[in-house]
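Next up: the structures, one after another.
The same chain A turns up in both complexes below, where it pairs with chain B and then with chain C.
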Partner chain A sequence: MDQPFALTSDLKDNCLVIATSGYVNNVGGEAIAKEFTRHFEKGTKKIVINLAKSKVVNSIGMSFLIEIIEQLEDAGGKLVFTDLDPAVEKMLAIMGLFKYAGKEPTVEDALRVLTSRK
Partner chain B sequence: MRKHPSTSGERASVKESMKLKIALPKIPDIELVALEGLERLARYMGIREDKIGEARILVTEAIINGLEHSGQKHPTVRVEFSMTKKELVILVRDYGKGFEPGAVEEPDIKKKVGSKNKRGWGLKVMKSMSDDFQIESGKRGTKITIKKLLS
Partner chain C sequence: MSAVTNHVDLAKSSSRLLAKLFKNSKIDFLYRSQNSSDWQLLVDGRARGLEQIRDFLGDRNQSSFSLKKTPIGLCSASLMADDSLFAIALKSPSSRAKFSETDKVLLRLFMNLLDTAYQQLLHRRNEKALIFSLNHRVLQLNSLIDTGIEVSKLDQSASLQQLALERAASLTNASKGIVRIREGDKVVEESFFPDRFSTQAINGEQQTIATSFKFANRAFTFELFEKESRRGVIPFEDTDQMLLDALARQVHASLENRFLLEKELENQRFEQDMAVAAAIQKKIIPIKLPDIAGYDVAGINIPSKSVGGDYYDCIPLGDGSFALVIADVAGKGVPAALLVSSLHAYLSAYLEGAIPLSQLAQRLNKVIWRASTDDKFITAFIGILKPGNGELEMLNAGHNPTYLLRRDGSVQELGAVGLPLGMLDMDFPYQSERITIEKGERLFLYTDGITEAVNEREEFYDVERPLRDFFLGHQPAQSGAFIRELITDIKKFTGSAPQSDDITALYLRRLP
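On to the complex of A and B.
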């Protein structure tokens, strides 16, 4: 069975990198959004969400990420997902999240993309 | 004599069909119990990882839909998997107040960004990710039947 939700966060090159593990349900989604907001209020506008260790997600958890997109759109920021399980990637595509957020194979790729933005 | 699957990595024959039935009360993350059963069945049947991943999402969304929207004080959903090497049929039934599926507005990310209600994606995800999706709903509950091709 999938392990309980947990996240770690790190600032790299002025980008917030959030890495999750376990099931991203409503609790997990809210935790990601709160961690983002904590850094966003201090001026961080570039964010990477690494879902490598989250093979199970649900649409309620993912809907919290729309809040992040919303705040970043207003501030001219950018969100990039990395290390997506193919099924999770398909779900995010169905929800239309890639109209607003990017996706890259790895965190390093995402940081390269984000740091090249003005 | 037919050899029964036990341990040691035995695999199902092409024609073999496996069923799993389970009743789930509404407690946090109970859908993970169904996913455990689904994954064990799928691995025994030799199903590809990408198909297991999509099946996980379909099962999760169907169970959450039943538990969240039944309208009952103590909801229970009945889940049934029927799996061959070729396809998975997922049946999820709740015994709540039902709803009118046709009246549910299809979510659109452009409308969700900036709106208060960001939820409501379950039906769209299930319809889009499955190979066949049926929903029957009435005063005695809702039944969702999902077919997913596995090969």
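On to the complex of A and C.
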């Protein structure tokens, strides 16, 4: 059985790292978007979303992620997903998220990629 | 510049353009969505737009494209393609400066442009929604196929249901789901997603879809609750029900396949056990009978299954005599074969002890009783032949009569004088008899697989072709030939009917 949705966030090297656990649905997506907006408004444009503990994502949750990607795209920022379950990775790929967002095996890899960007 | 993605951005970029057309004027952009009566001030250029729009619209709820001078300035509102309203309010920099007719035309034209731009925005938004929707359909189909593959791989039936539930919830945008397994009215297993919840708090049929199937006397029910949208909970669609049905069918098929596979593996294991039992039995049933000086002996055993419950042997004993044995265990298959093994082992041991035949039978009765279940027993004929004088001490424990063809052409039946071995746990007195097989006489031992062989019309061999007559009518020079002729005759009689029981025979001819 999965756990109720929860997230933690941390600022590392000027990058926002959001780690989620549980079902990324309307509730989960909204919570991620809220956390993103809070930092985005303060100028953070490099985001890492660690979905290691989120094995299930629905399209409502994905619509929030797409909005985040669009906002970052407009602002010249970047989002990188990490620790993806194969099924979730396939879902995000089919929905076209990786056209504008990156994916890396671990948060450390993602931070390395983001901090090397000008 | 990045593409304008919403009405706020559109208002902001439009206001910058309008500011160039109406230099020094104050400009407000206002917006009212189709389901709202409140105006939103999107761009506040201090043109007192909210006051102007109230004056402009008066009591009207909405307006088609229109333009009006207001006491404050100039105001225009336009109904957009999605029934929302855009309004622009201008205020001149000083009370003395008035808006000209050219300004009115200019604003009218600008409203036209704004309308076109808004339509494009809506098109882009619809296009995006359409792409998202198409991608989601592809995702649903893909996930349906993947889930089918995954559920057929999983070892644990609980994870199989949980996986299908997760996928169903995810693909239909359900906020939660449950799988219940019932035996009768009793719920024996429940799986929740995303975590345990109470279904009592969920009201309304539209907020729930369900599907169920039955397997192995259990009813499996999948239920999903509360289809999510960005606007809140919405009713499930027909395709959601179809997806849930399809995923449940995959689980059902997987459970059935697993059941059939387990059954197949069980059959394979059983076949392996049978092969081992058959190999053991092959060592018990003699491949070649011993040569007895002055006699010609032949025998055959054809089990109806891979292992049988019949037994025969001709065992040379230490004093130059031979034990002639034929036995039939009640039942077939491995249990019968096990009892045959026991009989063979005990008989061999007791024969070495050279004890009287009646005592041997009593001992066998006891050990077979202990080694078998209540419904298992053995009928047997045991004879000790002294080849020199043809004396045969014999004992028939519930077995078919043995035929002895005398020199005068008469057939003597040597019938049962004792209970089958292992039938009762009591010291039943078995009694042996003694006869003499003269030169040229023939002895025929058989099991009921011969007399009760059936043809396609379910007729018994012995009824249609009495065995005694066959015995009398077939007196070939060699014992082996008699056995071959007998088997040929039985096969001819039974035709394509399957062999119903083990066939065993032992034939002894004292040479003239």
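One rule holds for everything that comes next: the second predicted complex is superposed on the first by the 118 of 118 C-alpha atoms of A that agree within 3 Å, B and C clash if a C-alpha of one lies under 4 Å from a C-alpha of the other, contacts with A are read in each partner's own complex, and residues count from 1 in each chain.
Following the convention adopted for this analysis, a residue touches a chain if its C-beta (ideal position, glycine included) is under 8 Å from a C-beta of that chain, and two chains touch if they have at least 3 such contacts.
Just so you know, these numbers come straight off a predicted model, no measurement behind them.
Student: Touching A:G96 in the superposition: chain B (first), chain C (second), both, neither?
Tutor: Both partners, chain B and chain C.
Student: If you stack the two complexes on chain A, which partner ends up touching A:K42: first (chain B), second (chain C), both, or neither?
Tutor: neither
Student: Given the touch rule stated above, what does A:V57 touch, chain B (first), chain C (second), both, or neither?
Tutor: both
Student: Using the superposition on chain A described above, determine whether A:D85 touches chain B (first), chain C (second), both, or neither.
Tutor: In the superposition, A:D85 contacts chain B only.
Student: Just to be sure I follow: which residues of chain A are touched by chain B in one complex and then by chain C in the other one?
Tutor: Chain A residues touching both partners: 1-2, 23, 25, 27, 55-60, 63, 66, 70, 73, 87, 90-91, 94-96.
Student: Report the residues of chain A in contact with chain B in the complex, numbered from low to high.
Tutor: Those in contact with chain B are residues 1-2, 23, 25, 27, 55-60, 62-64, 66-67, 69-70, 73, 85-88, 90-91, 94-97, 99-100.
Student: Write out the stretch or stretches of chain A touching chain C in their complex.
Tutor: Against chain C, chain A makes touches at 1-5, 22-23, 25-27, 55-60, 63, 66, 70, 73-74, 87, 90-91, 94-96.
Student: Using the touch definition up top, name the residues of chain B that touch chain A in the complex.
Tutor: Answer in residue numbers: 28-29, 31-33, 35-36, 50, 53-54, 56-57, 60-61, 64, 107-110, 112-114, 118-122, 124-125, 128-129.
Student: If you look only at chain C, which of its residues touch chain A in the complex?
Tutor: 2, 5, 131-132, 135-136, 138-139, 142-143, 146, 162, 166, 169-171, 173-175, 191-196, 228-230
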